[in-house]
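Handing you a structure now.
Naming follows writing order (A, B, C and D), and every chain is counted from residue 1.
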Amino acid sequence: MKDGKIQTAVVGVSGYAGMELARLLLHHPRLATTPPVFTGRVEDGRDSVPLVSLFPQLADNHGSPELKMEPFTWQILEERGVDMLFLATPHEQSRSWVPQAIERGLRVVDLSGAWRLAETENRAVYKLTDEDPERAAELQMESVYGLPELHRAKIAKARLVANPGCYATSIILALKPLIASGWVNTERGIICDAKSGVSGAGKAPTAKTHFMHAADNLSAYGIFTHRHLGELLEQLELDSDEVIFTPHLLPIPRGILSTIYVSFWEPKTAAEVNRCYHKFFARSPMVRAFGTQVPQLQYSVRTNYCDIGFQLSPNGRRCVIVSCLDNLLKGAAGQAVQNMNLMYGWNEAEGLL
Amino acid sequence: MKDGKIQTAVVGVSGYAGMELARLLLHHPRLATTPPVFTGRVEDGRDSVPLVSLFPQLADNHGSPELKMEPFTWQILEERGVDMLFLATPHEQSRSWVPQAIERGLRVVDLSGAWRLAETENRAVYKLTDEDPERAAELQMESVYGLPELHRAKIAKARLVANPGCYATSIILALKPLIASGWVNTERGIICDAKSGVSGAGKAPTAKTHFMHAADNLSAYGIFTHRHLGELLEQLELDSDEVIFTPHLLPIPRGILSTIYVSFWEPKTAAEVNRCYHKFFARSPMVRAFGTQVPQLQYSVRTNYCDIGFQLSPNGRRCVIVSCLDNLLKGAAGQAVQNMNLMYGWNEAEGLL
Amino acid sequence: MKDGKIQTAVVGVSGYAGMELARLLLHHPRLATTPPVFTGRVEDGRDSVPLVSLFPQLADNHGSPELKMEPFTWQILEERGVDMLFLATPHEQSRSWVPQAIERGLRVVDLSGAWRLAETENRAVYKLTDEDPERAAELQMESVYGLPELHRAKIAKARLVANPGCYATSIILALKPLIASGWVNTERGIICDAKSGVSGAGKAPTAKTHFMHAADNLSAYGIFTHRHLGELLEQLELDSDEVIFTPHLLPIPRGILSTIYVSFWEPKTAAEVNRCYHKFFARSPMVRAFGTQVPQLQYSVRTNYCDIGFQLSPNGRRCVIVSCLDNLLKGAAGQAVQNMNLMYGWNEAEGLL
Amino acid sequence: MKDGKIQTAVVGVSGYAGMELARLLLHHPRLATTPPVFTGRVEDGRDSVPLVSLFPQLADNHGSPELKMEPFTWQILEERGVDMLFLATPHEQSRSWVPQAIERGLRVVDLSGAWRLAETENRAVYKLTDEDPERAAELQMESVYGLPELHRAKIAKARLVANPGCYATSIILALKPLIASGWVNTERGIICDAKSGVSGAGKAPTAKTHFMHAADNLSAYGIFTHRHLGELLEQLELDSDEVIFTPHLLPIPRGILSTIYVSFWEPKTAAEVNRCYHKFFARSPMVRAFGTQVPQLQYSVRTNYCDIGFQLSPNGRRCVIVSCLDNLLKGAAGQAVQNMNLMYGWNEAEGLL
């Protein structure tokens, strides 16, 4: 606590999600006026680097010297009175650090994939090892999948929130209302054809993120093997035979559009489907149900909204759902802040509009 | 004929497909050395406009004054000894002009949708009216769907070739080998999730083709209603309940990538699927079968190739096919030239490599 | 006034600057809680259209039905208690409407070019005609060029503020400190090589704004003739022989980067130049002086900052200045709000950070 | 020699210029029918890798197994009868290998910067060291700057051609005609504001070539320090005080547009300037003089043309020249082939149209 207000820290602020998180936390009305503690790898044994040397766009006209990225220590968190920890760290690091953080009384939103998956076999894709498997198993049980629209109540009480994957968020929100209604014939198979901007591939310069590869191109990858598949199976209670998820790399900086194909047991009208979505998301400020006008990617980019629209086949038995969000906001940093809001009993959309 | 060589004409040269056609015909080794007759709307009552005023990229260092776009008349075609007519015209115009062209002894490749569809109900989306319905019906019967990989022999003898739609080409080539093998359980539904660059939307400036709408965006459109659906149904002999086709607008100038989902009656191995494609396309120089390495859009853009790769689900019952081509080449002008090559008994890939 | 708070109206909300203005005004903390009056061309004789039908990105999860675009009438402004009018209208319309608005006691920020230029010969490029030339001449005298960094005090008292051109803002802010210091040898000529994103070309679909023209391209236009030249001459007190301004169209949605070349009478050090900028902008919250680290376009896009950096030649006699801003914010809507803030005595950056 | 025809080799085929060179040589009508020898770094001790594993777009429908990239040895060149060597290698490597290649009787076009600069001080930016400085100095004297439009006759007889830099080509071709005419007042300073696509930054994934940095951005770099400056000084016989060259990174894959500003001693008419260009380039098939219609980047991308247009100030004393080319073709691989054509007495544009 700082001046009676919540103090936050971000570990791994130098990535794209970290930067968005920094921007959101700096403008959040409920947090301490002292800036959050931003940590990350600092070279050359220096005490800190100016945050704006990494992200010049965050500077004010005085160069925002008060914003620093420091090397991580538990001691700093304690000294600064940190209550709430955001981990924008690699999966292995998150798996290893979360138990310590919880032990020290911190509440945690972890943006990695380390704590999202309850089933050991689903988690296997991350090749995680636990120093204390028993403790890890306990924490895994306690961990809440941080999709507010599904687990609002549990998130409010959670010590550890596993922030969902960006693709997973876009697909689960689109499918859950229909599947929960019992309308979807999952045996006929659900197809999730998803397309993401390049920021989803991370900040490391690679052959894949090179402008010459990504620009004027489109490519499918990770067909049948992408790591977000496990989240779909667990959150939608599907069998792996029932869903195909194909991610594609779009030549744009940010945004995910998922085109999703389902079959219904019984014919439905557009009005019925529309009602289903509106009812499910009636109390969800961060989902915009578009009805039969399908959303475009641009509408939700740089917002924390997930936009969902659909079209029905003439016989009412097939439904094409289009779901859009910003992979760095509703798909990462924005959702992390939404989770924090719930954890502290604030308005779910605080600092996100 | 001109100097014992075939003379061609392009009607509607001012569009994107027209320009690519002009480029290809100007470099084609089997055609008359006199440039093709290029026609289009010329304003101000002028006799012609320099073609390079429309497409400066086509000029040589002397400004290529010999390349002209002239107003269309049947007389010009006669005077210049035109044998082979390419129509890059609106659907209605193609429907109306083709009978006259055939009557005058011309061979025709029509790039519009006017003559592609045998079934009246499929053709209804184009809202065509025929001055002489009986004659039109005869010609429709005679018209050959210009997909060389399916109808090579018929094209060779055709007077009227209906050049396929760009989306249709990418999807039909990907599906035909598997469907023809009898492997595909069409009852489970085939999903075609296709993405196209902006040139597919035409040269007219519209809200949809505005840079601000197309850039940094992705949008689905024409779900369940796109006009190329009829081509899929007829060429793949599918029922409309068996296939969903969803086009999307990509923020790139050219190229189509289709991601296609099928279920097999019986499990298949990757080797079997690979053999199926290689066998089907063994004599097709313009298809590249990629096996289980899925192609990216960049590989085929600015070529006349259709690239096809696939991935199988672990149980061998689901198959994801990725098909890529350049919508202006294999999806339009290049395929038109490929059809001309077949019509005159030349090497199918002449002038296209 | 509305509830003791200022009420605003935007005429011409349907364009890009209008949309940004709407977004900024809706979140501005000093304005009436009733939404501003948004007006624009409404078809079909309807009373209004939902604003979110034009800009779906502005909707909240209930579809923001309270946001409407209505046909303009003076009466609506009166009924709603409008104090402050933003004109995002064509030049001719602004020229014609401003006198009426002033007469009715409104304060006006005009985003067009109609009132920016004091010299008749400079204004000639807009081909404006005045119904009451005498009254227009008076108002022109009274009109304040709305660049806060130069005319803060006058803006505070103004009834009519002429919001500067986007290119002009980026160039004048970069040059004014050096020219005002008397350092610049204007006889040697000042070169302004400016590059703008496509939103600067407006929302109307044209050959120039077609994705196929703008994407993967760069083009110079309006060399020696661009309309913003007059603003440079008047605000920098230059002769037309002393400055060349060349705009280019960049393949990006938004942002202007100007590269500016000046010669100094006497050699200067980087420290001197740096001090000059910092001193000039010491009280300007919306300019970030970067020193010898030149800014990139990305840093200021989607902010209201103008970023300015420079590099000196080894002999200290030549200076290359790089100036960046978002053409829709600091180059249009953001600057308009900044002007409103000054007009009402609020913090200049209110609602803009 | 191979079958009485010239045999070529490319060292460093795996980069962007290497790939374009491969594509051009494979289609060149004057070369041996056996493919060129392509060499580059091959991992894992393998004998070769399929060239199409690097560049899938180069494959034919059989996968082009005859195209291989092999590890470089002098012996391979000898065995395959290589006459003509293209070095698409780092500067240091080119500096070191060229003497050996010349000794072995090969003719060389070097695409690096190693042999372009006659003046030791200009060459210093490359930090080259010579094993045999005397021999290197001799070769440097013998080396011909490979800009055909300036040095056609010397190139024809050269053993060693130093292929120009991409920026340098675009600027020198634009300025040489005017400077050679004695019209340009160089004391007033020449400004070269150049903008390049990302392929100019090379294939290595770096922070600068990351899609997220390059897309939706524009940035100036290397102001007063870019390595191509020396080429401008030497080829245009300018003093470093007389020219400023500012490169920028454009958010497009390929192409350079240079906007160049000069002052004339005496006023000139557009007709005079136009004649000057047409006369200078009368026998240059790869330059298109556009007169007062300034070229756009798109016109020359994917061609080997350099397009040059200009605009004069009203008083005829200032001239803005716009010069466009494809940095990988006229700026690298295409120009290398053009040089080869001259070296063997073929038509200069052979294989380039």
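Of note:
Methods note: contacts are C-beta pairs under 8 Å (C-beta built on N, C-alpha and C of every residue); 3 or more make two chains touch, one makes a residue touch a chain.
Keep in mind the model is a prediction, meaning the values are calculated, not measured.
Taking the mean of C-alpha positions as each chain's centre, the chain lying farthest from the centre of chain A is D. Here A-C and A-D are compared, and the pair linked by more C-beta contacts is A-D. Taking the mean of the C-alpha atoms as each chain's centre, chain A and chain D sit 46 Å apart. Chain centres here are Cα averages; for chain A and chain C they lie 37 Å apart. Contact of a single residue of chain A with at least two other chains is seen at positions 213, 215-216, 251-253, 296, 298.
For chain C in complex with chain B, the residues that touch the partner chain are 16, 198-199, 203, 205-207, 209-216, 251-253. Residue ranges on chain D touching chain B, taken from their complex, read 56-57, 59-61, 63, 216, 281, 284-290, 295-296, 298-300, 302-303, 305, 353. Chain contact summary for the complex, chain D toward chain C: residues 188-189, 191, 193, 195, 213, 215-220, 223-224, 241, 244, 246, 248, 250-253, 255, 257, 259, 261, 263, 294, 296-298, 301, 311-315, 318, 320, 322.
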